[in-house]
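Chain naming follows the written order as A, B, C and D, and within any one chain the residues start at number 1.
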Amino acid sequence: MTSFDKLIKYFERFPGIGARQAKRFAFHILTLEEPDVVELAELIRTINTSVATCPSCYRFHSIYNDVLHCQICRNESRDRSKLTIVERDTDIDAIERSGTYNGLYFVLGGMVPLLDSHDIKKLRGGTLKHLVAERAEQDLAEIILGFSINPDGENTGRYIEMLLKDTTTKHAITITHLGRGLSTGSELEYADSETIKNAFINRS
Amino acid sequence: MTSFDKLIKYFERFPGIGARQAKRFAFHILTLEEPDVVELAELIRTINTSVATCPSCYRFHSIYNDVLHCQICRNESRDRSKLTIVERDTDIDAIERSGTYNGLYFVLGGMVPLLDSHDIKKLRGGTLKHLVAERAEQDLAEIILGFSINPDGENTGRYIEMLLKDTTTKHAITITHLGRGLSTGSELEYADSETIKNAFINRS
Amino acid sequence: MTSFDKLIKYFERFPGIGARQAKRFAFHILTLEEPDVVELAELIRTINTSVATCPSCYRFHSIYNDVLHCQICRNESRDRSKLTIVERDTDIDAIERSGTYNGLYFVLGGMVPLLDSHDIKKLRGGTLKHLVAERAEQDLAEIILGFSINPDGENTGRYIEMLLKDTTTKHAITITHLGRGLSTGSELEYADSETIKNAFINRS
Amino acid sequence: MTSFDKLIKYFERFPGIGARQAKRFAFHILTLEEPDVVELAELIRTINTSVATCPSCYRFHSIYNDVLHCQICRNESRDRSKLTIVERDTDIDAIERSGTYNGLYFVLGGMVPLLDSHDIKKLRGGTLKHLVAERAEQDLAEIILGFSINPDGENTGRYIEMLLKDTTTKHAITITHLGRGLSTGSELEYADSETIKNAFINRS
């Protein structure tokens, strides 16, 4: 296998990229100016040293002055009584963009699939359990399950509820689910019954 | 223009149908058995006499024993303190399918477009105003705006609120909007900020 | 079942129409003016009497002065040495729009599916065989297989070739297939190998 | 801007990649094992030294033993009397996959847009002219215009014909276009008139 083919193989492993687009990426690299090629290669080689996982919420963040925790976890104005558990980093970005939530986060690292739960070990369930037990002694009052509205998301929610049951019961911590209803652009005529039901329940 | 071309023109006026599909419909009619052709023609010719507009909610309903009002409006177990205003008949079907609402309805007959409001006369605004004034004297307590979540739907909501303001203020009738949040199948990462905001507000 | 539901059932049988759009069609009929409803019903009821199948090419055509044959078959300037066999009427429309062909047609009435050939009796194979035998005595020189480029179209082509083999051999009638190559809008990069192969073979 | 953001910016410049997917790529890099990260970075940094432009056909090819020309141009069994001019490397891949052509290629490096021809300098028109003049003295007999079937492709074809006119006239070199007709999957009913016209002309 030539270097060119090896490079294409790496691009094929990029999320959502097939053989044809991987090849286009390789051709794209060939058209870059030398300084750009060097910088891109260097960024890829060293990105692990400039990005770290926050030891509190487990999201990736750029390291700055050897500070371990991410900007959100360090921010003292955030409301420490609330903890939203999400599947992955990009969910946090979406919530932050909405400018609506001022609590903390925890990145679980994946979902618990409804049909195939053997990958549960890859998730940070144990870590979450310890963290919640610790925070429960302080000021944690509400855990928000920030998962997608589909069978896997619901299954993950049930898993988290069981996992944390002892602690949440003992410390009277509330577990809440994100509100359901009509999304932006929803047309009543095409909405499913579950969504309409929630739209009526959550009317205001 | 031949009869065949005339028939195609009628089919082109069917909602969502272009020239090509209209032609296919005409060919389809030619393949029907004689009794079916006769029955279809008769159904079209007489549908107006077997379907009427309910004089209370203004949705179409099949006439049965010369009863004027539709099944929902006649149903005494429906909660007359609630009135949901929708754009069109099919919205009622969607809500009924969800089995979540037990009040009454009113079909406005369209939206008030944000940018072009000259078609407002085609809507049943005046009729609604009278109906609400009348019901307000009885047991009406809540008006639910059941419009789509888009600029026209929101504009129609504002129009209805202004239209009914005097009556709702005088009789302390609440006007509510359908709850917003994550719909079935929504992924947090791809949700817009407004939807995420409502999902957090409506969490439970 | 109410008349309204019956009408919806008829619309559901229209090609490409599902339950939801069928309902919209029924509501559309309710919004038509009385004279339009009457005319549409009458057109549907009588379309069979104003449209006939041409006894030569078997396409539908509007009857005019009790003339049996369609305009194309009656047109003496058309080249009777060529016969294009197509699946359905709308294929003839597409070919006529291109203004490139001056021969005659025959509507087979369907395809011979590759995997399930039990519907072969619904096709006009026998009629075609007789017609070609008759024309072969006159001036028929070329039969053009005007089928879609997919497995069923190719299978139908093979069926026709076998069906007419005796006659075409005896009278030295050529059977041709429509040329393959790059269609309008085709990009070389995304074309399949068979299409590229034909594009090179048919280069000019 | 952090290193992470810089890396995302590079990925945003990849063909067909938006901000969101660029971010996913960056997260993907973070999940790679150390040896993979190092190899990927090294491949990107050095790809220019292992891939070269063939000085004859101008496509990219992996350098092997310091051989300058690509495998196709070096292959003595290829038919040197034919030269297919294409827009880009991936077009050659598609043609080679079809296994139908045994001549040589030339990568023009782009199209001549119908409406905006100021980028013509970026194309290898001058190089092509010299190459054809040289080959014309040897055994070149046919130039095949292998461009997409759209206005820009046709315009590029006209540009090439004018560019090479003197040489092709003097040496009686034929210029051909790829054959047009029905592509795999084409349905007659939906084909445009130009495609149907060519399908009839190229019937066989």
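What we mean here is this: a residue touches a chain if its C-beta (ideal position, glycine included) is under 8 Å from a C-beta of that chain, and two chains touch if they have at least 3 such contacts.
Just so it is clear, the structure is predicted and the values come from calculations on it, not from any experiment.
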Minimal step count in the chain contact network, chain B to chain D: 2
Partner chains shared by chain C and chain D (touch criterion as defined above): none
Furthest chain, CA centroid comparison against chain A: C
Distance from chain D to chain A - Cα centre to Cα centre, in angstrom: 41
Mean-CA-position distance for chain C and chain A (Å): 55
Residues of chain C touching at least two other chains: 88, 90, 93
Chains that touch, pairwise: A-B, A-D, B-C, C-D
Chain A partner contacts - residues on chain B that touch it in the complex: 86-88, 90-91, 93-95, 97-101, 144, 146-150, 176-204
Complex interface listing, chain B residues touching chain C: 2-7, 10, 13-16, 20-21, 23-30, 34, 36-48, 50-51, 60, 62, 64, 89-90, 93
